[in-house]
Amino acid sequence: MTHAASSPAPETVPQQRPSGQPFLSVRDLLVHFPTVDGVVKATDGLSFDLARGKTLGIVGESGSGKSVSSSTILGLQRGTRAIVKGEILLDGTDLLSISDEQMRLRRGRDVAMIFQDPLSAMHPYYTVGNQIGEAYMVHHDVSKKAARARAIEMLDRVGIPQPDRRVDDYPHQFSGGMRQRAMIAMGLINDPGLLIADEPTTALDVTVQAQILDLLQDLQREFNSAIIIITHDLGVVAEMADDVLVMYAGRCVEYGPTKEILTQPQMPYTWGLLSSVPDVAGDTESRLVPIPGNPPSLLNPPSGCAFHPRCAHLDKVPGNLCRTDLPDLTPATTGGNHVKRCHLVHPEDVWAKEVLPEIAPELAEQNQEPTA
Amino acid sequence: MRRIFAGVIMLILMSLVTYVLFFSGGLHPERAACGKNCSPAQWEQTKKALGYDKPAVVQWGEFLKGTVAGRTYPEDKALAKANPSLVSTCPAPCLGYSVVNTTNVSTEVKTAFPVSFSLAILAFIMWIVGGVFFGVIAALRRGTVVDRGIVGVSLIFYAFPTFWIGLFFLKFFAIQWQIFPVPSYVNLTDSPLAWLGNLVLPSLTLALIYMAGYVRMTRAFVLESFGEDYLRTARAKGLPNRRVLVKHSLRASLTPIVTMAGLDFGALVGGAIITESVFNYDGLGALAVDSVRTLDLPTIVGLVVVLAAFIILANIVVDILYAVIDPRVRLG
Amino acid sequence: MANRKRMVAAIATTAVAAMTLAACGGGGSSSGGGKASSGGTLYYYVYKPYEHQDPQRTYLGVQISNDTRMIYRQLVAFPISTNPDVSNKPVADLATDTGTSSNGAKTWKFTLKSGQKWQDGSTITCADLKYGASRTFATDVITGGPNYILSYLDVPQDKSGLPIYTGPYKSSAAGQAAFDKAITCDGNTITYNFNKPWPDFPLAVASLHMMDPYKKSQDQGNKSNYAMFSSGPYKLQGTWSKEKGGTFVRNKYYKSTSALKKIRQANPDKIVFQVGNTAETIYDRLIADSGNDKYAVTSNIVPPAYYSRITGAVAKRSVNVKSPYVDYLVPNFNVLTNQKVRQALAESTDVKSWIDAGGGDKAYAPAKSIVNPAVNGYKANPTFADIPESGDPAAAKKLLQEAGVQTPYPITFQYPSSDTMDKQAAALKAGWDKAGFKTTLDGLGDTYYDVIQKPSDPASVIWGGWGADWPSAITVTPPLFDSRPNITKASNGQDYGNYKSDAFNKLVDQAQNASDLSAQTTALQEADAQLGTDVGYIPLEIQKFYFLYGSKVTGFTNTPASSMYPDLGSIGVSK
């Protein structure tokens, strides 16, 4: 960790590495969908960086724009009416300015994606091997037989027992965890530099979740891939991510190293997310506090801070600022790479005095003693 | 096997229903045969001669027996003895003997079947190819003029009565401009070219009616598949669009289309009544209309059984195809 | 024609002067197409398949005429002529003369010409004639044809009223003996013995094929339905397909003479029958007049929707003549028991609107009797003669008042439903309702006759259509209104209105027992007058035939002998 970036531009995030270009650099990404009812601002000015071998967790409620952003990195919005602006630099190439065909050739080879529900994400009419092999054949001029061999190899790598036999099974003959393993095999078959995992464990039961996450971590080490993991589960983030990006209403509201975000969050929405995580190991005193209200409409986002209608700390900000002015992304009071988008002057105090005692009394005591 | 058995049971029941319905309708098929000046005594005699005097269930029993053991017509032992040359035999499996048409029902069906089948198969090919093709184009160009044009035109054909389209084709393509012959059925074995040439107009008439539904269905299913996760997966792999469409989208869309098409085809073989009559094709549909018009019960029953068998068969074929297409389906 | 597909398959012939007057629209007469020429191929388009081609089983007017001209010779036949006085009188065909009667017209004798041949070269014998007549008695096999001979021939009947002779295929010895006595052969002379006078027997012979000869060795009962073993100038090439038709070529064993040319000129070398094209298709083709359609005629009439297209040069190839059919209404005597109410109904029947709704004067001409003017001894029925064509609602209203019934008087009208008939029925309803009736329309489907033949049918007025079997009213009013053969517990037969009158029945007896034609005609005229007085029926119209023929067709004629269909006796084609 360095502290090099002292005064970052309002909408940009400090580079993670002092020297050289990061592997993936997303700048001011904007994805808008014109509809008959108006423009849906799915993503509105998003920036982040990611290095090889690192993992970024993107967290947010459904409809916060996290999946749209990652699909855009894959170029899946192409051919639709989506309006896309900004830059997505992958190894120095702007993925938004290359042709459809060039993008297609990178898809699956340089950037791969694994999806949330492996049952619906795999074609029910083709064997697992066929679908995995297909991903290989499209980027490599090899025979079907070679593709099949490669598929078996990958299935073996992701821990499918008897891969030479299971390769001819159909997705419905696999268990949920095996299907997700197969999806991962499909995603990694071309050694992609960047792997986007969209809620990779949501559809799985807890024990399998852990296995899959372990697998992803193992494979990341092996392939030295960059991983973007999209989730609403902070537990997954805690285990996997080096950095966390919290999204709300199409914008980044807090971004920083995982540890800081989890221990020193400075944005009421992030507090809300943390409050709503059940603490499996924790004590029974802690309360599970859901965030009141509903996620905002991306068609007509609230004025000012998009989170203000659901925010419990409006009164701590003078005037009507939260309702009228969109807060900038500013460095958190903890310093470092941590940025947040909030008008609160001393969010760290609110966190320590009001939020933490509510959700984790034990932690609050430990933290408060030194300051008291 | 279980299906075939169930099918046979169904056929037997359907023939019974036909007999019962026919006679509960207060119909007097013997009336026409009796002629213009028919005294009640003559009426009774004719009724007996045609075998319509027995209770419906007894007649049905004789029909069933005939399918296994064969029958002779008329079933009059005195006549058979005095004048054997008058008696027609109907070997098993006998579907009955049509007094009106002076022939075995199975012979009628054998004559009419190739006509209907040729018509249906050609129309089927036309509407499947056309329907899927235009449906895919419409789906790919969703919301554009092309899409609306395809859906609109197919709807227009769908909305027009069959006989109108048929007559229109006949009038302009065959009579006015003489691009095609005035259709009449030619055996495939006699001249494949004439067979096809004569079939073009009637099968196109049929195909246009059905195509509208298939255009819309294909369009809807392809669009639906576009929203499927596995299609996104396919694109995320970097597959070219054509491959995404053909291998992933169409394959999935085809399942419901195959189901519909199989059943439609089965029904069409005996159901192209209007087209057959407009183009004067003596197929099963025309035979059915004629047999109802003349109250020719043996032909009606025979047709019910044959056509129902065909539909049951189509169902079984569809089920098998379904299993071939969709590995999740296992034949029970 | 579709309306009467089942019951009224039969037909009359003949015509009176009115027939030629009726010819309008077309050439002004019922013949056209230039001079007859020999050779070539004629095409004949038919929509509905023929149900029989067996001489003893055919009962369709157009078929009877075509068969006479092409394949089935009769003892006597009607000659080709548009002049009804000529066409109405049978001339010798197989017989040497038109027959002689004795014993008060109860016995008829004909002598066969010698050396007349079947299509296989064998001679037509008296035994063939007798065998042909015997087939009608096999009512279990030879079905569908005219069966007058069953009630006329002097064969005893059993308890149920059926002849004890049951046909040539199987019969008791007693039955056979009785038949052998009723028809006798003496060399080439055949004698028919009847149980009642049959003064117009030669008319019946010429009008139907029930008395035709039949070669026993060719007879396979029902299997011979479409066999067509010819004695005429043409024979079937190959087989007849019910659904497709067949082709007729010259029969070399038919030797024409100048006398026989009056019955059949046999002009084309080949006649091709094509069955199954709809009237619309047929007329599209005839109007377009290309290819083989130039050499084509049809027995289907122009559909009203096509009337407007028969103009200019096309109109020169058309004829519009009165048919031998009459459409009529019968009041149901079980419901409309009050005579004044029936009279009011007759007075307020708007025939003109009915005709207009059905296609106008090209489709129908108003009728003044249930008997067609083409029938011998036709006389307008005095009851209906003076009712205006559009009806007289005022007079009808007065009659309803006199009847002392409450108005509006509810009635139900039953008719076979079709698009045209629905419109026509609505037109009638308007007229009746104006006069003080309250009409409910009840259009029925295919089971029409099954419904109206039920004595319990609650309808007040019922539609009917009829044509004479031979040019005598004896084949019109008695079969329709004599309650004795018609009404049983289960059915009213053809007496749809359940009409029952001793006075009428007596006049029928008189006509049936008359031994000479004029006495018979007088009795039938009186019977018709009686029906008028009772309002046993209300005449509507005479259907008109509107035909078109190809431009290369010659000698196109519609004669009374051909039931006003195209007469194949004179039609030919030019090269």
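Think of it as A, B and C in the order they're written, each chain with its own count starting at 1.
The rule is simple: contacts are C-beta pairs under 8 Å (C-beta built on N, C-alpha and C of every residue); 3 or more make two chains touch, one makes a residue touch a chain.
Fair warning: this is a prediction, and the values are worked out from it, not measured in the lab.
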Innermost chain, taking as reference the mean of every protein Cα atom displayed: B
Longest centre-to-centre distance from chain C, chain (CA-based): A
Length of the line joining the C-alpha centres of chain A and chain B, rounded to whole Å: 57
Distance from the mean Cα position of chain C to that of chain A, given in whole angstrom: 91
Whole-Å gap separating chain B and chain C, where each centre is the average of the chain's CA atoms: 38
Multi-chain contact sites of chain C, meaning residues that touch two or more partners: none
Complex contacts: residues of chain B adjacent to chain A: 228-230, 232-241, 243, 247-248, 251-252, 325-328
Chain C residues touching chain B - in the complex, by the definition given at the top: 5-10, 49, 51, 59, 139-141, 143-148, 150-151, 160-162, 169-170, 220-223, 225-226, 242-244, 276-278, 280-281, 284-285, 288, 290-291, 446-447, 449-450, 469, 479, 485, 488, 490-491, 493
Sites on chain B touched by chain C in the complex: 25-28, 31-42, 44-46, 48-50, 73-74, 76, 78-79, 81-83, 85-86, 88, 99-102, 167, 170-171, 175-176, 178, 182, 184, 277-278, 280, 282, 286, 290, 292-294
Contacting residues of chain A [partner chain B, same complex]: 71, 74, 76, 79, 104-109, 112-113, 115-117, 120-127, 131, 134-135, 138-139, 170, 172, 183, 186
